[in-house]
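The block underneath contains the structure these notes are about, expressed in structure tokens.
As written, the chain order gives the labels A, B, C and D, with residue 1 at the start of each chain.
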Amino acid sequence: MAAGSPGVDLDTLQRWLRAFAASVAEHKDELTDLDAAIGDADHGANMHRGMSAVVDALDAAPAADPAALFKQTGMTLVKSVGGASGPLYGTWFLRMAPATGGATTLDPETFAKALRAGLEGVVARGKAELGDKTMVDALAPALDALDAALAAGESLADALRAASTAADEGRDATTPMVARKGRASYLGERSAGHQDPGATSAALLVAAAAGSVGGAVAEGA
Amino acid sequence: MAAGSPGVDLDTLQRWLRAFAASVAEHKDELTDLDAAIGDADHGANMHRGMSAVVDALDAAPAADPAALFKQTGMTLVKSVGGASGPLYGTWFLRMAPATGGATTLDPETFAKALRAGLEGVVARGKAELGDKTMVDALAPALDALDAALAAGESLADALRAASTAADEGRDATTPMVARKGRASYLGERSAGHQDPGATSAALLVAAAAGSVGGAVAEGA
Amino acid sequence: MKKLLNDPADLVAESLRGLDRAHPELRVDHENRIIYRADAPVSGKVGLLSGGGSGHEPAHAGFIGPGMLDAVCAGEVFTSPVPDQMAEATKNIDSGAGVLHLVWNYTGDVMNFDMAAELAAAETDTTVEAVVMNDDVAVEDSLFTAGRRGTGAAIAVEKIVGAAAEQGRSLSELADLARRVNDNSRSMGMALTSCTVPAKGSPTFDLPDDEIEIGIGIHGEPGRRRVPLAPAHEIAPMLVDPVLADRDFTGGDGVLVFVNGTGATPLLELYLMYGEIAALLDKAGVVPVRTLVGPYVTSLDMAGCSVSITQLDDELLRLWDAPVATSGLRWGM
Amino acid sequence: MKKLLNDPADLVAESLRGLDRAHPELRVDHENRIIYRADAPVSGKVGLLSGGGSGHEPAHAGFIGPGMLDAVCAGEVFTSPVPDQMAEATKNIDSGAGVLHLVWNYTGDVMNFDMAAELAAAETDTTVEAVVMNDDVAVEDSLFTAGRRGTGAAIAVEKIVGAAAEQGRSLSELADLARRVNDNSRSMGMALTSCTVPAKGSPTFDLPDDEIEIGIGIHGEPGRRRVPLAPAHEIAPMLVDPVLADRDFTGGDGVLVFVNGTGATPLLELYLMYGEIAALLDKAGVVPVRTLVGPYVTSLDMAGCSVSITQLDDELLRLWDAPVATSGLRWGM
């Protein structure tokens, strides 16, 4: 596929959020079970509550543009989730909003820039570094792969697929890690050997992007 | 064996109490399990605590005569058991004491009379009637059999064996009964189908008498 | 069995040791397992004695103090204390005004308190009255049995009579008051799980994951019936309906509602149950004017709850509200 | 899963409904899940706000009232509440003297309270200070992690700061005092069993019948290590030793010892544990002058306990003893 893929429109972004919500619903018990092993057994319920609220908000009041959509999503997550994942995923979307620069359709670079702003927000809020066994370990490699693919001239669809692969690898890489942030850090060495729940949900988020944004862009291409 | 067996002396009575204590220790878990089904799961512990205290008291200060022995045993049980079985078994022995008439060796009729006084004490204290699914259902038939055998001219040893058989039958007969006294009565119809723990310990008491008192008397004959 | 203890045979004695250290406002006679108000006997006041098997904490020692009990005798786990303890305690809390025995209706407790009263009468000149508390409507044919059990209503009786005793009322007045509060009260309980008696080391009864016991006793005695596990809004009427069917609670000056946790029930769930119960009372025209929600009469580690309702009037309300300073109930001082 | 509830998703909301009815001295904003002192904001007084996930009852709402907190935000079970709740509560308890956020140190709680303070700063002119409580010595390498957890010490902080707030002290004085009490406190916990989070429906962790978790958190987070089931006199040093190793408690005017039950632990056992703990403190030359034994910071239906020790001085002792009227802690009024 050639460079210069068409942009990501509001509809596609909404499909992404709905796809993520569906994926979270499907993997709810898995996320909770992962959290039970090294946390407090609520990550599935937290993400499900949050993304259900996001979908409800979408149904109730469709956003005017991507910035509004991201802001509404971020605020909904902050308001409805709580715990560690609420402020973090909330901040992710809240920071994406201004990074769209008010565009109604996001070209691939703008979309990637917005995602990068989201990640920076997550890091600013949670202070996690790579290797701390958190969602950052899935998100950061994903965005690196995305940027690299786009820089190499790949289509957004392909770049998102690469990002999703990288997120999955980053998620898998959390298993041997000793947690240094979040609730799992209390376990010290005992946290090793368990996959991080937040990295798992983050990989679902990137996969949903590859599936819906990537898919839509590909179709549209 | 002929009538007119020799009497029951202090030593033999002490052996009876020690034999009962040993039997209770052996059947402790069984008594507790029976109590768990229709009560509060403590009859084994209660009887074991009480009879251990009785044996300790025997070791510490041997009684001067049967009356003193029974009084000491009754008081020890009242002091150390609690629950329903403490006052009942305690009263049993406390009432046996005066019925010995101060004799140092109890002839079979006096022994039987003392046991009967014990039973009357249990009934006065607990108000249970035959068929209420209590220890009375083992004790009353046992004493009836004892009296009948003695009246028929049997030896005390034989009469106690008959009493023990009757106690066992009385104990078994409690199984289908609906409890009307004690903790099991709260269960109403649900108490049927379970053997009464107090009738079970009472049958052990009579069996211990047949074994030690009966045995000693038979040897002496 | 997983419990915080050493030898189960020493559990009660060792627990009393900790209780003694934790509560300087109490005095513990370890040999006799009696727990006293440190300032007992209180001059001019009728002494109030209760007690029972251990395993119901904070009952019974948690209700000793100004405005409530003067002493408590602790038995082995789920086993009534013995007459010697009760007689000794009776003697030591008698300031000359007499002693009221507040007896939870169980065969063992009643017989042991009876013998204690006989002992006290024979050995001292203390005047003793006894009131037996029997509020549990789960026991239906109470006439030809050991009668109804004493359960949650005891808290109301002990609190209200305790307040009246501080006013200097006479022994017979207090006994009448105790009977009145008891008559005004009804209770019903249920269990989600069995308790484990430490000396036995395994659960008293097996309760499948999808069944609950309705009409459970406070010693893990099995209840009247087993029913399938149900949501809270279906369990609430199983407790409230028999209570309301047994006595009319619509009159007077409202009721005290006491939702008791049996030990392992989170307070989060107990409050939810209270919400369900209050809604049922609303429908029935019964007006809760005072509420107590929490684990006050426990059955070791049993999960479940009970509801006790006490009809109040102006006097009972004032006595309930009067100051009390115990580790289990405290207000106004 | 056997619990007294309807749909697990409604548990917190329905429990708050019952709490509201049971406690007329509180005011509940059901939409925002905020529980207030009925008379908040109290004129001239700094407002004290805490909160956290549900499932720790009586924490947190059980500590609202004169002499303690002004409001609490309730989250989902074991999930921090959200910034909107906290900002709303902050606004409503500010009488002009400012609001102190007493935050239990968990990543979620800290981030949500941070965002709430940002919101409050943006939307109102309320002055907010936050103190993070982190007393749990089970977390060893706290420097490069989320740090030590906030556990039992919060009760001491909230009680003592609550008393000082009633005296009209300023926001910054109260924040300093909160930090001082927190610095003076250390805790360590253990679990015999896992809790069951209702939304999950099965135990958070599997703990074999012959093992216990040492250094457990209050949300069922697994502890630092598993050890074989042991008698109480061996468990007590596993809790006390790390606490005493982390801070010298022999000075000052003695200590407050708080033995907390995690939910399903009978009080009978907790008192026994306190006896074991007090004996260890005696040996170490640490003098308990105040004691609190009971289920105050629970983890749903988890069986286990924790010990928290707070160094007292004359001032802290007086503030601890000052009147308090909450459903969880009450004396002097």
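General observations
We adopt the following convention: contacts are C-beta pairs under 8 Å (C-beta built on N, C-alpha and C of every residue); 3 or more make two chains touch, one makes a residue touch a chain.
For reference, the UniProt names are A, B = Dihydroxyacetone kinase subunit DhaL; C, D = Dihydroxyacetone kinase subunit DhaK.
Treat the numbers as computed from the prediction; the structure is a model and nothing was measured.
Steps from chain A to chain C, taking the shortest chain of touch contacts, total 2.
Computed centre separation for the pair chain A/chain D is 33 angstrom, with centres defined by C-alpha atoms. Averaging Cα coordinates per chain places chain A and chain B 76 Å apart. Distance between chain C and chain D, defined via averaged C-alpha coordinates, is recorded as 29 Å. Multi-chain contact residues, meaning those touching two or more other chains, do not occur anywhere in chain A.
Shown for chain D are the residues that touch two or more other chains, namely 77.
Taken chain by chain, the contacts run in an open path, each chain touching the next and the two ends left apart. Chain pairs that touch one another: A-D, B-C, C-D.
In the complex of the two chains, the chain C residues touching chain B come out as 53, 75-84, 106-108, 111-112, 114-115, 138-141, 144-146, 149, 197, 199-200, 204-205, 215, 217, 219-222, 224-225. Those residues of chain A that touch chain D in the complex are listed here as 32-33, 36-42, 44-46, 49, 78-88, 125-126, 179-188, 190. Residues 2-7, 11-12, 14-19, 21-23, 54-55, 57-58, 62, 77, 192-193, 209, 212, 229, 231-233, 235, 263-276, 278, 288, 291, 293, 295, 298, 300-301, 303, 305, 325, 330-333 of chain C are the ones that touch chain D when the two sit in their complex.
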